[in-house]
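By letter and in written order, the chains are A, B and C; residue numbering begins at 1 in each of them.
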Amino acid sequence: MLLQIPPSTFLKELREQIPLVHCITNYVAMDIAANVLLAVGASPAMVHAEEEAGEFAKLAGAITINIGTLSSGWLRGMEAAAIAATQSGKPWVLDPVAHYATAFRRDATELLLKLGPTIIRGNASEIIALAGGAFRGKGVDTGDDVEHAKHSARLLADRHGAVVAVTGAVDFITDGKRAFRIEGGSVLMPRVTALGCSLTCLVGAFAAVRPGAPFEATVAAVATFAVAGELAADKSEGPGSFSWRFLDALGAIDGPCLDHRARVTTA
Amino acid sequence: MLLQIPPSTFLKELREQIPLVHCITNYVAMDIAANVLLAVGASPAMVHAEEEAGEFAKLAGAITINIGTLSSGWLRGMEAAAIAATQSGKPWVLDPVAHYATAFRRDATELLLKLGPTIIRGNASEIIALAGGAFRGKGVDTGDDVEHAKHSARLLADRHGAVVAVTGAVDFITDGKRAFRIEGGSVLMPRVTALGCSLTCLVGAFAAVRPGAPFEATVAAVATFAVAGELAADKSEGPGSFSWRFLDALGAIDGPCLDHRARVTTA
Amino acid sequence: MLLQIPPSTFLKELREQIPLVHCITNYVAMDIAANVLLAVGASPAMVHAEEEAGEFAKLAGAITINIGTLSSGWLRGMEAAAIAATQSGKPWVLDPVAHYATAFRRDATELLLKLGPTIIRGNASEIIALAGGAFRGKGVDTGDDVEHAKHSARLLADRHGAVVAVTGAVDFITDGKRAFRIEGGSVLMPRVTALGCSLTCLVGAFAAVRPGAPFEATVAAVATFAVAGELAADKSEGPGSFSWRFLDALGAIDGPCLDHRARVTTA
């Protein structure tokens, strides 16, 4: 393993700490994202109102912000949570879902980026578009390969001082200096809604465990997702059976299995 | 097969085109509806805010609007999306969930009907009530048989120049001139929440494939739902297992199976 | 069986009456809570807007209010529904999710408590905090045992003239005079999101059946949940498979099985 901290260390510490992860995510993702966090051993809480998002963020180990089903009121809650996260030194993850699709989304993403996310996770089209490149995304689904988003990811990481994770058939993670490629998962994963959004929440859970190591935490979370995806796909007959087998796999996976099966290489 | 365009043609073209379906649906339906669309091969996006619903609708192949968990802010987003759909010649589907239950819902439905839906889908009580008839619905569940809604459906189709689909144990679809009856499905379907709402989204996906043939698209979508329901019910032990088997069936169903099993007759 | 009305009587009457349960619950719980109610045989409706929540509440057999993903607009809908419930003599259930976490939540809970809930359901930390005791909850998950919440539950029941249910590994239900302890369930239940919230909705469904017997209704609902949890856990390999097996079990459970397996003792 090339990593200074193996994924199993994060998984072990996560299950000991049971970190509270404050998720502001979209309506579609709420159920599956909460179940992903509970299955792996974390404690999710979905809290979005501007009246309390900042106060609640200070109680959490990490905050994740996803603009999937954005509205003005929720954006104010996202801002409050991001500001509180930064002020209290908590890692926070930005998931700029289809930020290129409308002016409302572009403006919101620009605003949130200025608040300094610790980690940015998106699909290839989202990351390319965020870096100002030519992308082919349609709606919330990517139209580009992760391979073509590598340059954009490095550029974004430098520009924002953030860890950037591009996820898809193969995943790419960089902090601007280091970069890893992760293989695994299943073709069924994009056939289940909001698994990318759920991964954003899982990245938050791993980052909460060791707030000083967001790059390694992101790699560990993405690797855990990929391995659980492979395990679940083995016995699945379609997206319906994959969905619950994936949760079972996240619950059953242990450290040795994770480190053994994780396919992380330098990129 | 009595249909000019068999269901398999729509299914094949849907999987080639992967249409973007802009769904404004209720909170309960979001997850299952997105999973239904992904399982069959379409690309769902849930976008509701008035700030962007109109802009986003122009990117989509079809728009679906469901008033299940209505609020004033969402109604403005629905209006913007419906207007944009009409302006850009995109088919849009109205699902007037329990529109008879409160004044707020009745007014909203009246407003949306004036914006000219391409297709209206509801259960028998909703369709009867929409046409001004005596209905027995309670909450969001029907208290009437589809058989008793046929006259109301024809009346609505004429009045609004729309395709009307009444779904239930048996389904009835009319454009005012032609009418089909579709058998199939399973008694477990009303035991899983929001399957009717998900069907509305599926109708949108099929309508996106051939915007000029909303009647045939609706029949094809409803037939696909009915066949997948039958296939899923075969091995299910209750509503929980039915739910994921249904998604697996939607993913696995192919053209020959669909046309062979679809029970569509003139009505 | 120590109960004056056995759980099976409620279950039988519920399936005959198919009560309409008006649920104002959080975004995470919407899907699973609706499926829990449909699986057992009730008719759920999620309606939250202040424009219609009061009007809709009068149509329902019971109302359930859960502050999980609270916002100001929803709070106004909750108030309207609670007032309408009280005015029309309908039982209503309060689920004060993580009410101790922020000022916004504390104020909202205080407001709702003044509207006189028929039944209050929470985890041990929530019930202890509500009674003014020292609690160890973090986020939405309990940090206390039900055993330590018994005194607080009795105190709350007296103070508000309400039935109080504390649920967890073991459940405790009191109306201030009588008290029962219920065993059962599964360690997988807290690993599936929003099962506690779903139980709140199920308590509403049982209370709708016999509005004059909220204590017995709560015991019956909690016992049904515990038995279904045990049945589902038998064959489950993790939280994903537990979730759908639990819905299957709720659909399959019958009166004799329920009364035979329910482990209700005086507490």
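The rule we apply is simple: a contact is a pair of C-beta atoms (placed from the backbone, for glycine too) under 8 Å apart; a residue touches a chain by one contact, two chains touch by 3 or more.
These numbers come from a predicted model, not from an experiment.
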Which other chains touch subunit B while also touching subunit C?
A
Same or different, please, for the subunit A to subunit B contact, judged on whether over half of the interface numbers appear on both copies.
different
Subunit A and subunit B, separation of their C-alpha mean positions in angstrom
32
Subunit B: which residues touch two or more other chains?
27, 30-31, 243-244
Contact residues on subunit B for subunit A in the complex?
18, 20, 22, 27, 30-31, 34-35, 38-39, 43-49, 51-52, 55-56, 59-60, 73, 243-252
What does subunit A use to touch subunit B in their complex?
26-28, 30-32, 68-72, 98, 101-105, 138-141, 190-194, 237-241, 243-244
